[in-house]
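Letters A, B, C and D name the chains as they come in the text, with residue numbers starting at 1 for each one.
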Amino acid sequence: MSIGIGVIGAGVMGADHARIIREEISGAHLAMVADQDVGRAEAAAKGARTTTDPSALVYDHSVGAVLIASPDDTHFGLLKAALAAGKPVLCEKPLATKSEEALEIVRLEKRLGRSLVQTGYMRRFDPSYRAMKTTLAGGELGRARMLHCSHRNASAPPWFVGAMPVTNTLVHEIDICRWLLNDELIAVSAIPTKEKDPALFVFETAGGTVISVEVFMNATYGYHVQAEAVCSNGTVSLAEPTTQRLRINGSEQTSYPQNWIPRFADAYRIQNQKWVAAIANGTVAEGAATSWDGFAATFIAEQVLVALETRQRVEIKLPVA
Amino acid sequence: MSIGIGVIGAGVMGADHARIIREEISGAHLAMVADQDVGRAEAAAKGARTTTDPSALVYDHSVGAVLIASPDDTHFGLLKAALAAGKPVLCEKPLATKSEEALEIVRLEKRLGRSLVQTGYMRRFDPSYRAMKTTLAGGELGRARMLHCSHRNASAPPWFVGAMPVTNTLVHEIDICRWLLNDELIAVSAIPTKEKDPALFVFETAGGTVISVEVFMNATYGYHVQAEAVCSNGTVSLAEPTTQRLRINGSEQTSYPQNWIPRFADAYRIQNQKWVAAIANGTVAEGAATSWDGFAATFIAEQVLVALETRQRVEIKLPVA
Amino acid sequence: MSIGIGVIGAGVMGADHARIIREEISGAHLAMVADQDVGRAEAAAKGARTTTDPSALVYDHSVGAVLIASPDDTHFGLLKAALAAGKPVLCEKPLATKSEEALEIVRLEKRLGRSLVQTGYMRRFDPSYRAMKTTLAGGELGRARMLHCSHRNASAPPWFVGAMPVTNTLVHEIDICRWLLNDELIAVSAIPTKEKDPALFVFETAGGTVISVEVFMNATYGYHVQAEAVCSNGTVSLAEPTTQRLRINGSEQTSYPQNWIPRFADAYRIQNQKWVAAIANGTVAEGAATSWDGFAATFIAEQVLVALETRQRVEIKLPVA
Amino acid sequence: MSIGIGVIGAGVMGADHARIIREEISGAHLAMVADQDVGRAEAAAKGARTTTDPSALVYDHSVGAVLIASPDDTHFGLLKAALAAGKPVLCEKPLATKSEEALEIVRLEKRLGRSLVQTGYMRRFDPSYRAMKTTLAGGELGRARMLHCSHRNASAPPWFVGAMPVTNTLVHEIDICRWLLNDELIAVSAIPTKEKDPALFVFETAGGTVISVEVFMNATYGYHVQAEAVCSNGTVSLAEPTTQRLRINGSEQTSYPQNWIPRFADAYRIQNQKWVAAIANGTVAEGAATSWDGFAATFIAEQVLVALETRQRVEIKLPVA
């Protein structure tokens, strides 16, 4: 009953997904890896089959489900292929580079009448975010009136500028805020610093919650994600994972990872495990980002770009699916 | 060489100031307490002289310096009296209820050619804020690009509504941000939650720093003030004072005070001690809020109210003193 | 290539091991569950085969490896059976109730010339303990001169008295200290409090490290395990896992679990995963407790009991295997 | 009504005491400083009178109370002089270098029938230790069954060896344990590490509490003092004072001071303020270490030295005053 997984893309994330499937997941095995770079595909496959043609992977009989971790602009075409093949697919964020394309995926899936698409907003499976959501849903703290988020990368490559901090980084915050609050974002303002980085984004929700989000691509000290929900009866914030406490050189220290992979290692593993378990039930994992959620994040990011350019508060009006 | 201090107002803060002068300050003694309620004045005086006439206190020969802790709307008149008497004065914030009045105090003092007025923005003497300022000034972290502040009260009385969260609470944040960054605020946006409380205020500074400030008057869990400066090379935040760590009932706990007095007990003591020490040198304490700072906080708060009412970004243009 | 695991014992730990094998482990599946209580076996098996005869499980062809989680006094016999069948076995601690029996297992395994026995001291796979060991081995901190450990249970059942806090709880500390320090314990003193619980145990190692261990079976507030290594150039301590930080009711709180299962959920999963992965290589997991380690913990615990009874410092002399 | 304080000794602690008296204490002024080194005396006196003859200071009419901060072996003689002069005296620890001398001070004072001697165990005035004592006394946590203490210095001078870690450092722990628990120490064991530093000391109290104390003179990373009381219903530990939290260079950091003076700055100030306030009432500060407490710490330290030398558990039998 083991499901064969085909991983498309053998870059940093694709190779890590292949490793997770091989070494940490019950009920699945790595069936095939596709990458234009054969050597990279083979390094990730560790003995599983490889191909340079992602379509071949999608339609291969050994592949029961597809995991897309190739460059953003390939997502749209590969998702259409997976839907055409009727195979479950876990697609790394963003679902597509344009919201129109993402919406087309939503509609194609709807027409099929099956939940086949899971968007890889893995934070929803992070134990800290999950605990925060459970607490907020539990009601003890009352309504979340305000939510403060910060997303800090140690550093970003030189080409990670322009729209990218919004379309590739802020999208994570957009998705997790919608999910944590179970609410919809209806307006956004953007206030950049002199250096543009970090920038502050302020969202307002349909339910009347105000969200502040700092996105800092070059925070230097490490990869660091935080969220604090300020509720009627108290607050809840993430307890950031760390394994040891050092006392050395005049200070007590806990360390930050240098990128998101160690920070969200559990989230990726749990996401993939729950995806595999859900496939057997003909659906996507409970609480996972659907194709609609993937569309919404990309659509809202586009509105954020307008707010950033105009320096005006922009109202967000999601279309009907 | 002990300086006689006259305390005007024997309410919560006035009584505490009287106690600090009596019990914790070197080089000063409590000379007199003025309050319309004689019993309250005597309770705070603990044997020192009392009066129901604050003017009599200001001009009394035993009073070398005046500490104003009476209701806000009396500050303006009492400050003018103290300046007329040529006596050093420490005035609880706000310096005046209207910025025009505050500006008049600035100009009166300027005309006298002596630094006589210290505004009681005591946070400037809090060891945590002071350490943060020292760190920011030290340069190791680079420029403070963003500053996140939150001010939470356990609860506010029913009459503490309307403009008061801005004019009486946010003014603390306005002052401390100007002081921490050594920069001027030039624009403000205000985004209230559905319940109005908390509200988010976003300031922009002349130097290009973005400041987010949450003000929550009914946070329920305690009195809690935070600040984090996000700099080019790292961040610095307040380490909130606490004395013990309990492990009990399924959790590890540190406690919050129920109001500002325990939180800023050190700040009040140090402020008053440094004020007394500076008087002997014919000036105000180094780093203290001057009359100009007192004016600036009140002036900026007035602009914040405009932003809150219009929901527009408001540019702040401080007049010339 | 999936290994069939036979789980013996379907109590709390056995059922959890069965669940881990079913839901979280790559390369293995739950082949069979043995328990005298058929209903309990079936509840844990969730569709896998069951038996009331553990010997039948050990010799069943579908069972490639055995996981022993039955009562302590059955371990010895079941281990002998597994060795006789030549099957890899992961045995919950303690390896045996008497050190003579444990030593017999060591010798039987040695005679077979294969590493078949892994003792379930799962803490060795806990990310925090593992990080501490890596730090200690890295050398930056210099020699660990002292090690402070505490083991606190929220509460213990009424029958968990006498030797049990030593033979069933302290054994975890004995094993983890030996492993963390890569050193041998050579002497022990025991100092009980008036209530007997907690008690303090002081170990000395061959390398000259002093270890203090508090064992508290009824700490009430939660399950809490700590360790701090005090080294020549600094200290390292466990950063206890927690997912969220609440501010509520006058305090900031992080919670403790009520027992060891949530605290060591990752450790159990990783232990079992690495055991399964190692079986394919014909060995036990790297860094896992061997049969010798299982013997050593039980042997040392017996010396601790002597120290506790005589209130004398007892020298520990491990026999030659 | 200001009390003139005469400070004997103008070394590190004496100069700091002189500064505290001059700058931070209500109701007192620095009347005179005595030191054999005239320049050092004048540097500490900052304009107050100086002398090289401590007896002259004790008997000077301007000196209403004496603060002894000279070398340990001068304490006994100076205390006798102060008692002969009938003047209140605050003596830095240890009260005397030998317990016989300390006991003689106790008896001399008793004969005078007045509480004149306060021993400078300043930790009793540290807000953290005080909060812990209040919590323990409050009863919510139940009986303190175990107490874990650690005392770490960044480094000790080369001559700080032999008995000194016990007679000059451990005495602080002895005093604070007696005070926190309101209990008497009745036995001690000592277990040194290979390097002798740190060493572990285990005390047993009359009430059945077990105390573990680590003393580490060369912990390198900073000055760090901790205590955790493990009680029937939970634990309480010190929340170590710190002012800021840095995120820099891959880690979150809070800093340790390099010696005890910043760590206990509040404790010294509060101790001296309460001593001054108590003098007016003809007694010593409430909760302060009396001459008997000073004797007890030194007496017990002598028994610890026996335990350290013999490696035997030593019973402690305090004489009758």
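Points worth noting:
In this text, a contact is a pair of C-beta atoms (placed from the backbone, for glycine too) under 8 Å apart; a residue touches a chain by one contact, two chains touch by 3 or more.
Chains and their UniProt names: A, B, C, D = Gfo/Idh/MocA family oxidoreductase.
Everything quoted here is computed from the prediction, not taken from an experiment.
Common neighbours of subunit A and subunit B under the contact definition above: C, D.
Across the assembly, the mean Cα position most removed from that of subunit B is the one of C.
Counting C-beta pairs in contact across B-C and across C-D gives the higher total for C-D. Copies subunit B and subunit D of the same chain sequence form an interface built mainly from equivalent positions, shared numbers / all numbers used being over half.
As a whole-number value, the distance joining the C-alpha centres of subunit B and subunit D reads 37 Å. Between subunit B and subunit C the centroid-to-centroid distance comes to 56 Å (mean Cα coordinates, whole Å). If you average the Cα atoms of subunit C and of subunit D, the two centres end up 44 Å apart. Among the residues of subunit D, those in touch with two or more other chains are 220-221, 233-235, 247-249, 254. Taken together, the subunit B residues at the contact with subunit A in this complex read 143, 145-146, 148, 150, 189, 191-195, 197-200, 202, 204, 207-210, 212, 214, 216, 219-221, 230, 232-235.
By the touch criterion given at the top, residues 220-222, 224, 246-256, 258 of subunit A touch subunit D in their complex. The touching residues of subunit D, counted against subunit B in their complex, run 2, 22-26, 127-128, 130-132, 135, 140-141, 233-239, 241-249, 254, 273, 277.
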